[in-house]
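My questions all concern the structure below.
Naming follows writing order (A, B, C and D), and every chain is counted from residue 1.
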Amino acid sequence: MSADLEPIYLDYAATTPVDGRVAERMREVQDRFYFNPSSNHFAGRRSAAVVDAAAGQLARLLNADPAEFLWTSGATESNNLAIIGAAKQRQHSGRHLVTLRTEHKAVVDVFRALEKQGFEVSWLEPDPDGRLPPERFQAALREDTQLASIMQTNNETGVVQDIQSLGAISRSRGVVFHVDGAQSVGKMPVDMAALPVDLMSITAHKLYGPKGVGALYVANGTAIEAQMFGGGQQRRLRPGTLPVDLIAGFGEAAAVAATRLEDDLTRLAALKAQLLEGIRDLDGLYVNGPEHDAYPGILNVGIEDVEGESLLLALEPLCVATGSACNSQSQEPSYVLRALGRSDIQAQSAIRFSLGRQTTREEIERAVSLYRGAVAKLRDLAPARTA
Amino acid sequence: MSADLEPIYLDYAATTPVDGRVAERMREVQDRFYFNPSSNHFAGRRSAAVVDAAAGQLARLLNADPAEFLWTSGATESNNLAIIGAAKQRQHSGRHLVTLRTEHKAVVDVFRALEKQGFEVSWLEPDPDGRLPPERFQAALREDTQLASIMQTNNETGVVQDIQSLGAISRSRGVVFHVDGAQSVGKMPVDMAALPVDLMSITAHKLYGPKGVGALYVANGTAIEAQMFGGGQQRRLRPGTLPVDLIAGFGEAAAVAATRLEDDLTRLAALKAQLLEGIRDLDGLYVNGPEHDAYPGILNVGIEDVEGESLLLALEPLCVATGSACNSQSQEPSYVLRALGRSDIQAQSAIRFSLGRQTTREEIERAVSLYRGAVAKLRDLAPARTA
Amino acid sequence: MIVDPYNSRVREYFTNPMHCGDVAGGAIGYFEDQGIRLRLSAAIDGDTITRLRFHAWGCPHTIAAAEATCRRFEGGAAAELEDFETGQIMKDLAVPIEKTGRILVLEDTVRSLGQAIRDLTDT
Amino acid sequence: MIVDPYNSRVREYFTNPMHCGDVAGGAIGYFEDQGIRLRLSAAIDGDTITRLRFHAWGCPHTIAAAEATCRRFEGGAAAELEDFETGQIMKDLAVPIEKTGRILVLEDTVRSLGQAIRDLTDT
């Protein structure tokens, strides 16, 4: 696979490199505070204090209470714990659940599993630009609805849902509201004190923190059932030795994000505009998801009459995604784009460019030229339609 | 808490510092292979190759097939996945399960949860030295027994079970056999090709690897039900973005362990002998667990007529455990020691010294003198029994 | 939120309990309960407690509380023993709620000492 | 175990397909199925295929397989088209099993080219 290729990495939505300050903090904690935070000696308590400090950093980013976070291994686990945990906790009052067809697999597959266990799930359709109109959401809630789960930023298209309105509707109906925030936290302003949200999933590796650690925000008063059993850690809701260095890195990543959020957004918006300007005149090109008001770190484009797999190879050394990162090993067309009304063939030609802090104007320039070149080449290779 | 105290760390069974080679490997992977191993581009495939290499290292340590490992967040998750996953998978054939009363909380609490879900659990009693006689195990297996879970090395006493015999019995009866190997893998020779074991839980942070990553060994042909749902990673058995740097560190830790296993054991045995010699003449001192043939990294001693919490404080800056690391925040007397026939008061005076690669003869000397001093001091403070 | 379970005063009293010991031939208060054992002994001069010593078997808070008690009453009037305040000691030593019972055992011991002194002076 | 899905030959043929194009006025084989489209065109001199060119719409294996086919048969006898071996091409290009159907479409295209050549030479 051309071992010497230097990647041009435009796949920040799949995962981000670790920020320098974060790496440094993790190293420090690994060296000086590697103790088990549950240990009943002063060294263990020093590690516990490191964990507390990290919770404080995360809480400041989100304007929340540090006691409202559970540490997990990532957003997949957070989603599982939130959705199954809340559904089971409340199943004696009702077994109806609501979610969106374009959620991440780590939400979709959890609801599928619950369906097999006798829960009833309403799968809402978004509009063609990916947005869920609050009225549609409201109409889906029933007397026996216990839980709704709607993601904030979509990982494939960058469309941002109106969490404020959806949450308010949920709250007014006494429905627990879970938000998959894997693609939004640390990337756009999120204020838990203002948002009517009960549960939110977060993962560090999408915000320049380490892989293998995430959090579940659990608003004070929201009850969930534990899904793992073991030591008494984390109020028995999520046992296991706390990875103190990863947690410290996560906290530091949150602190860094808090300081650069606005700047990041401005830079990303300019880079995304540059990218789109560079390719939008191509014949048959269209944007998947909304062109405006989406998260500026993601641009998903399709192009008529170009085969997706060949496009991806022709784009090397550009590293971008087709489908979503987490199921991109399958060649199945993206169910997210299908739900926006794209055909299988259209969905297969989709390329998700996702930009991040290290992305430069030069990289975008190269991406534009690689994309244009790849499209031209594949169209040259193709037989004329009328052959 | 005396912010300047330099710990004398004898709590390696709670967690270990990260080995230098491991830290270096993780840094390299963080810098050069931070990509998502599921990503469908060449950079992602480089990360996937890193993961494969780590599986190879772990497989070599355990004489297993690299395809037999699932990556998890640690032994707690591995235990949950193994025990619940196998019990649910086989529940239509029977709902009887067998385990030992002195298992770690991350096994005990999983079985308790299964009891609440209608499974029947036989809780076997060990002998006073902590060993489970194979005949007792054999007698507990019934027609409808589906799963047995017995740990290899006990985290509190270091007693090592006869996994070879227990596994052979299990296999002859068609019972799935799970082993919690959190305290044995990387610390003593474990040969999966020779052991009749179907599932084994492992965690990196007990063998000088990173916290936040573990593995579940699943012998080819052993079916378990997934407990988390999401992307297609790891044959859908354990979804979520793989923490490639942690996995690489885990693999490296396994490789390091493979080279030093025998030396470590020899060194630890000498240090443990030094420690026990230094204190065994103390009035009322006794060893919890077997004096011989136990894992040499753990020495658990009790002493008559000394209060445990005060003992722990008087031992500072010695960092040792009372009870097990994972529930040491509770002041409850250890259920493990109670199961060996100790009284509440005896269990509370128990101190677990656990030694590791960085432990020196000088540290043992200081530990001896701190222990002797603390016992003398507390006995001076106590009212005469006949007061 | 895990903090040091022992505040600096507990640490000081536990590490250097200056009043550990016995007053030979003194008045004695003794109590055991809640898994702890406490013994106070006092020398009296008129109404004044001239020496107050303790022995304690129990957790660090118990030991520090015994030391604190000696510091509080040594040199004072025996009658002040009646003023033993569990609230104050709970606060000064940041004793966790679940250990309240142990401080009540200390109160019983102090009361038993007061009784012993009264018995002594009455005769 | 994830490896590069494209071996070095696929990468080479895909990156530098030297036989992409059309033979003006040549014999033509065309097929579309399995989500791919393939076209081969050939110039014939007597029994010899003097030029063989392709157009392909599909995945990298499809494109590389079309290029491989041109390299294999250009300069050879037209009759050899009958010897098209899917097994060999699957092996040379390490085509994953699930793409077998696409190689069969290529086989159909080659066969359709052979037929076209026969039609040409028959007249």
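As a convention for this text, a residue touches a chain if its C-beta (ideal position, glycine included) is under 8 Å from a C-beta of that chain, and two chains touch if they have at least 3 such contacts.
Because the structure is predicted, anything quoted here is derived from the model rather than measured.
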Count of steps on the shortest touching-chain route from subunit A to subunit C? 1
Per the C-alpha centroid definition, the whole-Å distance linking subunit A and subunit D comes out as 43
Counting in whole Å, what is the centre-to-centre distance of subunit B and subunit D, each centre being its mean C-alpha position? 59
Distance from the mean Cα position of subunit D to that of subunit C, given in whole angstrom: 97
Multi-chain contact sites of subunit B, meaning residues that touch two or more partners: 1-2, 42, 45, 329
Multi-chain contact sites of subunit D, meaning residues that touch two or more partners: 2-4
Tell me the shape of the graph of touching chains, choosing from line, ring, star, complete and other. other
For this entry, which pairs of chains touch? A-B, A-C, A-D, B-C, B-D
Show me the residue ranges of subunit D that touch subunit A in the complex, using the header's touch definition. 2-4, 6, 11, 14, 17, 20, 28, 30, 35-39, 55-60, 63
Subunit B partner, complex, touching residues on subunit D are 1-4
Partner subunit C, residues of subunit A touching it in the complex: 37, 42, 45, 48-49, 52, 66-67
So in the complex, the part of subunit A that touches subunit B is made up of which residues? 1-2, 5, 7, 9, 11, 14-18, 23, 27, 30-31, 34-36, 38-46, 72-77, 79-80, 104-106, 109-110, 112-113, 203, 205, 210-213, 227-233, 239-246, 312, 316-330
For the complex, which residues does subunit A have touching subunit D? 1-2, 305, 307, 309-310, 313-314, 329, 345, 378, 380-384, 387
